[in-house]
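Paired with chain B in one complex and with chain C in the other, chain A is shared by the two complexes that follow.
Let's turn to the complex of A and B:
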């Protein structure tokens, strides 16, 4: 028996070492770079400059939040319809929803650019029909559309998983006891699907807030997000210290947002989450 | 089974979402056959971009690099992650166990950009200590990919370990098996489905990753997403669309085959039931 647990300790040792070296140490380095200057001396200069980035931070969180809420509104009915359909339709729909994720997201975003452009596909169609042109590209709406498009599957799948496991007799019981459709939705279906909402929310919000490619391509640089600023520090202006400071703040903001969201879902129905 | 007819509104809604998800994919599929260089005006059908692609040695090289990296990183992370899951599972101390799981979750919960820059900081920092200027390349990318693959492997093996009866490996050892033999003969077959699905997930994640690769790669090693990124900085020519169409077609065929095989299995099981 002792030999067995010794063996298990030995085989997991490489992972512990790996996790310490490549998960923990890099995060410590982010903090180190945030509080030091180029020569490695302690400084608070980068923390002090954060104030000038507050609009970009606020914009990132706001856009990320909007994209998440829109995804939720779109995905919720779809997940419900999927969960209610026959087994073969369910399997086919899961495949249809997952398939676009295998196509490189850069190229999908670029494709949206050619659709939305002023001389793009939508506008060519409109002018062929003799209708006035619409300006979509390089607006906030285009950036949010890009986020919703890219991360919608991450909202649909957890919602669908929760709803397909939902016990149908609970809904029937509520109906038998005279609940209207709206009451069934708000008192039975919604509370039971909250764990799916929570994980979908996280899976869409985190990548939306921290994106840098979507905002660059569909926002045309006018709607810089915090990801764009961080990317710039590391790839063009080589200011690693400022980049690390911004990343640290981004990380803290996301942890805070998640904590706030978890509190919401906990209050409504703590029992289901466990 | 009772078949309920799906209401028309539900069907329409599903169709609408499918249209939204596939519109940009259809666009790039269409324009990959464009006879002109434009990605927004369709001039006529031609296969010239597929020919261009075949002669584009850099893209072929990038595809080759991507596959090498995906195979290597999924192999390393599957072996290390499976061993880690066995080790973490056997830990009795609750505090150690939950700490190990929290650390494991960090690369999944953190925004990709933060994981990417934190690893870049580590590599640059160590590179400076050792005195290597161009530290970023294949090896740093491999380390990064293994790191973000590990949690997915561990989290897909863990539930399978919990399902194994604790008495089984003990019985094997009582009957004279060495711990290693008991592991290979009893535990490993039980957790195999989890190991395989973890490996597939690691492989596809590595294949498609852009953000983390972007920060941990150097000029000496280019993967396909990185190449696509540098191409989309300028005006994209349809050869990138042709490449994406080919990759998409391969994934699509694989998924359909898996789906058909699953359906056949289920039908067989139903047949036995009767």
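Let's turn to the complex of A and C:
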């Protein structure tokens, strides 16, 4: 018994060490910087200036939310179709979903610039066909498109995993009892897939809210997101304290958003979150 | 016949072994036995030296040549901004022997004691530094720094996309070009343009003036395509934008790709910068660093660097070099009529904070916040309604079990 627990401790030691070094210590540093000034004295000045970033915070969360909802709407039917296909088709489709993730995130985003620009691929094709041009780059739409494109696989994969494990006899039972297709979807499939929805939501929402590269490239820098502002504090302003304060608030807001999200899944399977 | 062959073979062998075609001045100066086998850490801007790939143009690979000449190993790394460099030095995590900060950063580093006195006049090749770039405002006694490269900001325009040649920064505020205008995505350079347009100094500490400059930038935002840095290359080269402020050396590269591009120094005045070589206080090998700096000042080396970098050189030896003649006549790098220029000075904390806060305001301005609040309200209502509905439904169902 004793030996067993010692063994356990030894095995888990590297993970505790890892967590301490790369999760706990950085978190403590963020909190420390957020409440101190340049000279290391305690201050609440940075917290007080947060009011002026109110709008940027709200917009970042809103864009992140929209991107997540759009991803969910696209991914849900796709994941269902994948889960219902034959094994070989499933493997193929998972591959296709994963394929873009093998390319560098920065390159993928940069390519979207070339596609969306006024002299880019879409507009060249439109004008070749004699159609009017569309202005997409440097709009909010382009930023959200970039988020959806980049983070869609993180929505599809958890949904697919949950759905492919779903017990088909439950659906058959519902049909035997006279449920219509819509009722089966809303009363059986949807509730059973909620854990997948919840983890997909987290995995898309969190990186979308805190993104800075996508908004910089596809938004042309005119749509400052909170990630851009934080990046600026560390890269150009050399104001680590404000940067840390903003990061801390962003973390708290994300946790709050996830808590609201938690309310939608049943209490017993809410553990999938965070 | 035999003789011809032997001559040919000799010539061929010479070409094969032709590693040291470049002659440097005073080569014996570099022969310091106790430094052989040591190494120096050089920290420079990206693509800011003549490297291996410049050899195709017949230029020296500067670091390799230095290693061969002195037996000192060069660890060469890059930084992306003065602030990055400052952060690295300040944190003390890394030790460098040679760094290349810009003017205002040199003065901050001197003020904070992060760079050491190197007395560059004692270097034999210091005589090649143009008088114009000695005794600069940030190092009046020439104790800490040696000018390496000089650049200015100007206005790039696409001849095919503008009606008349712009001569003023006000072109960037011209509604005619709405959606075709780019702007710097960093506060200091962006504010500098607004400040010049308003006739202010780039180094003002007057809060009212900063506010006025910020208002000027906010007024410009509706006409902007975007705030960009490196993307200026792509967007100007592809004709995606008509007007963009940028650094002259980069413009020279862009023009090679798109000949429709042209460049002016607006009449209100422009920002000039001098990147200077310094040695940090915590350098491990300052003697080798001095050898390296002297090597950078060698006319042959300075010429190769000036050619590869594409900015103006403060080195008279390089300027007079025959190989550099074509560049020396470049009217953008060396304009006949010198534009009205002003250096950046290091800002005090208050001014820097003011600038950064105003920059945030500029970036966040011009948005319709009402629609966002409405969107939040509607979403909150939907979520709230759904939660209430669900709770009610649960209660209703539970009421059946109670009995």
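Operating definition for what follows: the second predicted complex is superposed on the first by the 246 of 274 C-alpha atoms of A that agree within 3 Å, B and C clash if a C-alpha of one lies under 4 Å from a C-alpha of the other, contacts with A are read in each partner's own complex, and residues count from 1 in each chain.
Heads up, the rule we're going with is that a contact is a pair of C-beta atoms (placed from the backbone, for glycine too) under 8 Å apart; a residue touches a chain by one contact, two chains touch by 3 or more.
Everything quoted here is computed from the prediction, not taken from an experiment.
Trainee: With both structures superposed, pick whichever of chain B and chain C touches the larger number of chain A residues.
Mentor: Result: the larger residue contact count on chain A belongs to B.
Trainee: On the A-aligned overlay, A:167 touches which partner chain: chain B = first, chain C = second, or both, or neither?
Mentor: Touch partners of A:167: none, neither chain B nor chain C.
Trainee: May I ask you to decide whether A:220 touches chain B, chain C, both, or neither, giving the answer as first, second, both or neither?
Mentor: second
Trainee: Using the touch definition from the top, say if A:52 reaches chain B (first), chain C (second), both or neither.
Mentor: second
Trainee: In the overlay, answer first, second, both or neither for which of chain B and chain C A:133 touches.
Mentor: So A:133 meets neither chain B nor chain C here.
Trainee: Scan A:117 for contacts with chain B and chain C and give back first, second, both or neither.
Mentor: Both partners, chain B and chain C.
Trainee: Identify the partner contact of A:180: answer first if only chain B is touched, second if only chain C is, both if each is, neither if none is.
Mentor: Touch partners of A:180: none, neither chain B nor chain C.
Trainee: Considering each complex separately, which residues of chain A are in contact with chain B in the first and with chain C in the second?
Mentor: 117, 119, 217, 235
Trainee: Give the list of chain B residues in touch with chain A in this complex.
Mentor: Residues of chain B touching chain A: 1, 3-4, 6, 10, 13-14, 17-18, 20-25, 27-28, 31, 39-41, 80-81, 83-84, 86-88, 90, 100, 103-104, 106-107, 109-115, 117-122, 124-125, 143-144, 146-147, 150, 169-170, 173, 178-180, 182-183, 204, 208, 210-211, 214-215, 224-225, 228-229, 232, 236, 240-241, 244, 247-248, 251-252, 255, 259, 262-263.
Trainee: Note which residues of chain A are touching chain B in the complex, please.
Mentor: The touching residues are 1, 3-5, 7-9, 11-16, 18-19, 22-27, 29-30, 33, 74, 77-78, 81-82, 84-86, 88-89, 91-93, 95-97, 99-108, 110-112, 114-115, 117, 119-121, 124, 149, 152-153, 202, 206-207, 209-210, 212-213, 217, 227, 230-231, 234-235, 240, 243-244, 247, 250-251, 254, 258.
Trainee: So in the complex, the part of chain A that touches chain C is made up of which residues?
Mentor: Residues in contact with chain C: 38, 49, 52-53, 55-56, 58-59, 62, 65, 113, 117-119, 135, 138, 216-217, 219-222, 224, 228-229, 232, 235-239, 260, 263-264.
Trainee: Using the touch rule from the top, collect the residues of chain C that touch chain A in their complex.
Mentor: 81, 83-84, 86-87, 179, 185-187, 221, 224-228, 231, 234-235, 238-240, 349, 352-353, 356-357, 359-361, 363-364, 367, 369, 372-373, 375-376, 379, 383, 386-387
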